[in-house]
Amino acid sequence: MIQALVFYVFAAITVASGVMVISARNPVHAVLFLILAFFNSAGLFLLAGAEFLAMVLVVVYVGAVAVLFLFVVMMLDINFVKLREGFLQYLPIGALIGLILLVELALVYGSWSFAPEAPLSVATRVPDLAVVTNTDALGRLLFTDYFYLFQVAGLVLLVAMIGTILLTLRSRPGVKKQNIARQNARTKETSVELRKVPTRGGI
Amino acid sequence: MANLWTGYIWPTAITVAEIIAIIVPVLVGVAYLTYAERKVIGAMQLRKGPNTVGPFGLFQPLADGAKLFFKETIFPTNANRGVFLVAPALTFFLAMVAWAVVPFDEGWVLANINVGVLYLFAISSLGVYGIIMAGWASNSKYGFLGALRSAAQMVSYEVSIGFVMIAVLLCVGSLNLTDIVHAQAKGVWFIIPHLPLFIIFFISGLAETNRSPFDLPEGESELVAGYMVEYSSMIFAMFFLGEYANMILMSATITTLFLGGWLSPLPFAPFTWVPGIIWFVLKVCVILFGFLWVRATMPRYRYDQLMRLGWKVFLPFSLVWLVLTAGVLEFGGLLPK
Amino acid sequence: MELPNFSLALPEIFIALSGMALLILGVFRKQEATQGIAILAVITMVLAALLVPAASGNRAETFGGMFVVDGFAVFSKLLVLVASSLCLVMSVNWLVKEKLERFEYPVLVLFATLGMLLMISANNLIALYLGLELQSLSLYVLAAYQRDSGRATEAGLKYFVLGSLASGMLLYGSSLIYGFAGTTGFDALAKALEHGAPVGVIVGLVFVLAGLAFKISAVPFHMWTPDVYEGAPTPVTAFFAVAPKIAAFSLLVRVMVGPFGAVTAQWQQVVVFVSVASMLVGSFGAIAQSNIKRLMAYSSIGHVGYGLIGLAVGDQVGIRGLLIYLAIYLFMNVGTFAIILAMRQKGRLLEGIDDLAGLSKTHPMMAVAMAIFMFSMAGVPPMAGFWGKFYVFMAAVDKGFITLAILGVLTSVVSAYYYLRIIKVMYFDEPKEALDRGVSGSLTFIMGVNALLIVVFTFIPSPLVSSAGAAAASLFGG
C-alpha cells in the first residue's frame, strides 16, 4: 500500500513538473522543474528496483547535464517572451498534430497484442535479483551481450566531443599562457642577474 | 490495530530516532568545527582564537548561532524570493541527507543500500544547485559570478572524484560502503595501495567543498563573499551549516574509502578494545585537521590554475591509475569474488 | 566466457582504431598535418576495403547476432568505402585552397564512414540506431565545418535539428516494435512477425520508415536537402550526396526485407508513394534552380525515387536493380561534384549554372566529362545511367508495377530537361569570364576515373550486374 502511495506521489510530481517545464514563464524555473522531474523519475526507478539506474540518473542528468542547462539559460539573455510570439499562430496546427498522434496512440493501445515469443525473450535477460545485485546484473549484460553496442555508443560520444571542439575552439593569437614546466625549470642563474652598479654610473 | 503499530508506526518511530541520533551529533560537530577552525588557525598564526565566551571560548559557536538567529532576514530588491529561500534550505538538506548511508561502525548505518557510493556521489553532485540557485536568485553580480565559478569548479572536480571512487570500487567489487570497509579489514587500508588517489581525492574534496585554497567562489577580496553575499541571518546560517557539514561528510567519505572506516589501525588487542565509532571519529578529525591546516597555509589558487589542475592533471592521472588498477587486479589474480 | 568473432568486423575495427590514432596524431602535430592525415585516412579506407571481402563468404553473425556480414553487406560496404575515399581525395585540395585545414576533417569523414559500415551490418534495432547516430553526428559537424560562414552554420543547424527529429521518429517506431516483439534483433523480429503484425507494429514500422526516409532525403522528408546541400561546403555536399545515401539505402533494404519481409504488403504502398513523390519533386523542383548545388540536391531526390522503385518491388530482381542504380549513381555524382569543385574564378568557388558557360572552349576535357555525367544522369541510352534505370524499371514491370515504371520514365524525361540544359550552357553559350585554368591533379584524376568508369559500365555492364545480383541473392538466402 505504501509503495503504491509513494509511486503515485512520485509519478504525480514528475508529470506536474513536466507540465511546469513547458509552461513556466521564467526559463530558469523551467530548468529547475526539469530537475525536479528527473529527480522524481529517479524515485520511480528506485521503486522499480533499479537502484543503479536511479543513482546514475541523478549523477548524470541532475548532477551534470542539468547544471549545464542551467548555466546556459542563466547566462544567455534570451527573451523568451519574444520567442513565444509566434506560439499562438502555430498552436492550432500543433494541437492538430498532437491530437492525431493521440488518436493513433489510442488505436494502437486498444488493439495491442504481444508476440507469443515476447515474454520469453524478455525474461531470459533478467537474472534472479535476489542472488545478484542490480549493478552486477547490469554490468554483466552490458559488457557481454551488449558489448558491441557499448563500444559504438562510446564512439558516438567521441564524435560528439570532436565535433564540439572543432566547432567552438578558436585559437586566439596573443594570449599569454602559463607554462608551468618552464616556470618551475627556471633557476636563479637563468632569471636573476646580479650586477655591481657603480655610483653615478648607472648600467 | 496491532498490525498498524508493529507494521508502520513502530518502524517509523525507530527510523526517526535514528535520524535524530545522526543529525544532532553532526550539527554539534559542525558547531565545534567552526570553533576548532578558529582555534587551529589562531594557533598557527600565533594568536589565541576565541577565548572569551565560556571556558576556552567553548560557548563561542552558541553565541554565534544566537547572533545569527536574532538578525533580520534581508531580501535584496528584485530577488527571486522562492528560489532565494529554497537555495540555502537545499544546501542544508543535502548535507544532512547524505549521512544516511555512512557506516559509523559495524552495522551502525541508517540505510545500508547496495549503491551507497553512488548515493554519496549523487548527493554531492547535487550540492552545486544550492549555490547556483543562490547566486542567480540574489540578483547580484558578485553572487552570480561566485555561483558560476563554483558550479564550474564542482562539476570539474566531480569527474576526478568519480574516477577515484571507481578505482576503489574495483578493489572491492561492491558499491556498498559497509562492504568497502570489510574489504579493507580483509586486506590493507586502501590508502596504502592507492596513496596517490588518496591525495587526489583529498584535494578534490577541498575543491568540491569550496574550501581554501579553492575557495574562489567566495573569494572575499574580489567577489566580497560570492554567492552568499546577499544572505543574512538564518538563511545565511543554513548555508554555513551546510558547508561545514559537507566538509565533515567529505572527511567521512575519505575515511570510509581509504582509511578503513571504523577499523582500528592495528588489528590486535589494546586497539580492538576501542569501539569502532571512536576510531571513525578520530580519523574524521584527522582529515578535518588537514582541511584546516591547508586553509591556514595555502594562498588561493587562480581560476585558470584550478581548472588546469582538475582537467589536465587529476583527470588523466586518475584515469591512468584506474586502468592500472584494473590491469593489476586482472592479471595479478586479485579480482574480488 | 566465449569471445565474439571479431574477424567479421575487421574493417570496422581497423577504421575505428586508425581514426583514433589519426586523431591523436593530429592533436600532436596540429593543423599542418591535415594533408598527411587526409592521405592516411584515404589509405585506411582503401585497406579497409581490402579487408571487407576477406570477411565475406556466407551470411555470418557476430556480437550476439547484432552484426551481420553477407554478400549484400560486402557489396554496399565496398560502395561506401569507394565513395568516402573519393570524396576525401577531392576535399584535400579544397581544404588547402580555402585555408580551412583542420585535422578533424578527415577524422570525421573516417568516423562517418565507420557509422555507415555499422549501419550496413546492423542486425538489431539498437545497432541500427547507434550506427545511424554515429554517421549523422559526424555529418552534422561536417555540414557546419566552415564555421565562419553563415550559410554553412545554418546548414549544419538545420540538418541537426531535422535529423534529430528523424532520429526521434525512428526511436519511437522502434519502441513500438520492441513493445510488440520483446526483442530488437532482426532475426527474432522476423520470426515474431511471421503470424502477421498488429496495428501497433504497423504504426511503428511507418515511423521507422519515416526516420530512414529522412536519411535518404526521400519526399516528404526532403525539405532539408536543398538548403543543406547549398550551405554545406562543396566537398561535404559531395560526400552527403553519395556515401550516406548508399548506407541508408542498404539499411532500409535490410530492415524492410529482413524483419519486415513478412509484412511486405504493408510497407510496399508507403514505399511506392514515397518513390513517386520523390521522382516528381526531384524532376520538377530542379527546373527552376540556378545554383548547381541546389540542382544536384533535387537531382539526388529524384534518383532516390528511382532507387526506391527497386525497393518497392521488394524481390531479388528489384534489389539487384537498386544496387546497380546506387553503384552508377555514386560514380556519376562524385564526378559531377569534382567538376563543381573545379569551378573556380580567380581562386573563388562558383556555384551558378551560368558560370559553366563556354566550358567547352576553355576546358574541353572537363566539358566532355561533364557531358558524360549529365547524359548518364538523364538516363539517355546507352549511357550507364540508362542501364541503372533500365534494371529498376524492368524489375517493376516484371512484378506488375507498370504505373510506377511509366511514371519513372515520364519523370526522367522531365529531368532530362535540366541535365541537358547544363550541356547546352557548356557547349552553346558564350563564356562571360573564363574559369581558372590549372585544375588540381586530384580533381582531374577523379573526373577522369569516374568518366572512364561510366563509359566502361556503358559498354560492359555485366560484371556490375552479376556482382549486384549475387549481393541481392545473399539477402534472400540464395
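Each chain gets a letter, A, B and C, in the order it is written, and its residues are counted from 1.
Everything below uses one rule, namely that contacts are C-beta pairs under 8 Å (C-beta built on N, C-alpha and C of every residue); 3 or more make two chains touch, one makes a residue touch a chain.
On a predicted model such as this, the values are computed, not experimentally measured, just so you know.
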Chain-level touch network, classified as line, ring, star, complete or other: line
Chain whose Cα mean lies nearest the overall Cα mean: A
Distance between chain centroids, defined by C-alpha means - subunit A, subunit B (Å): 24
Rounded Å distance, subunit A centre to subunit C centre (Cα mean): 32
Mean-CA-position distance for subunit C and subunit B (Å): 55
Shared-contact residues (touching 2 or more other chains) in subunit A: none
Residue ranges of subunit A in contact with subunit B within the complex: 2, 26, 28-29, 32, 35, 51-52, 55-56, 58-59, 62-64, 67-68, 70-71, 74-75, 133-135, 178, 180
Subunit C-facing residues of subunit A, complex: 104, 107-109, 111-122, 144-149, 152-153, 155-156, 158-160, 162-163, 165-167
Interface residues, subunit C side, partner subunit A - complex: 1, 4, 16, 20, 23, 63-64, 66-67, 102, 104, 107-108, 111, 114, 118, 124, 126-127, 130-131, 133-134, 137-138, 140-141, 144-145, 147, 156, 176, 179-183, 188, 191-193, 195, 198-200, 203
Contacting residues of subunit B [partner subunit A, same complex]: 8, 80, 83, 113-115, 118-119, 121-122, 125-126, 128-129, 132-133, 136, 144, 148, 151-152, 155, 158, 162, 174-175, 304-305, 308
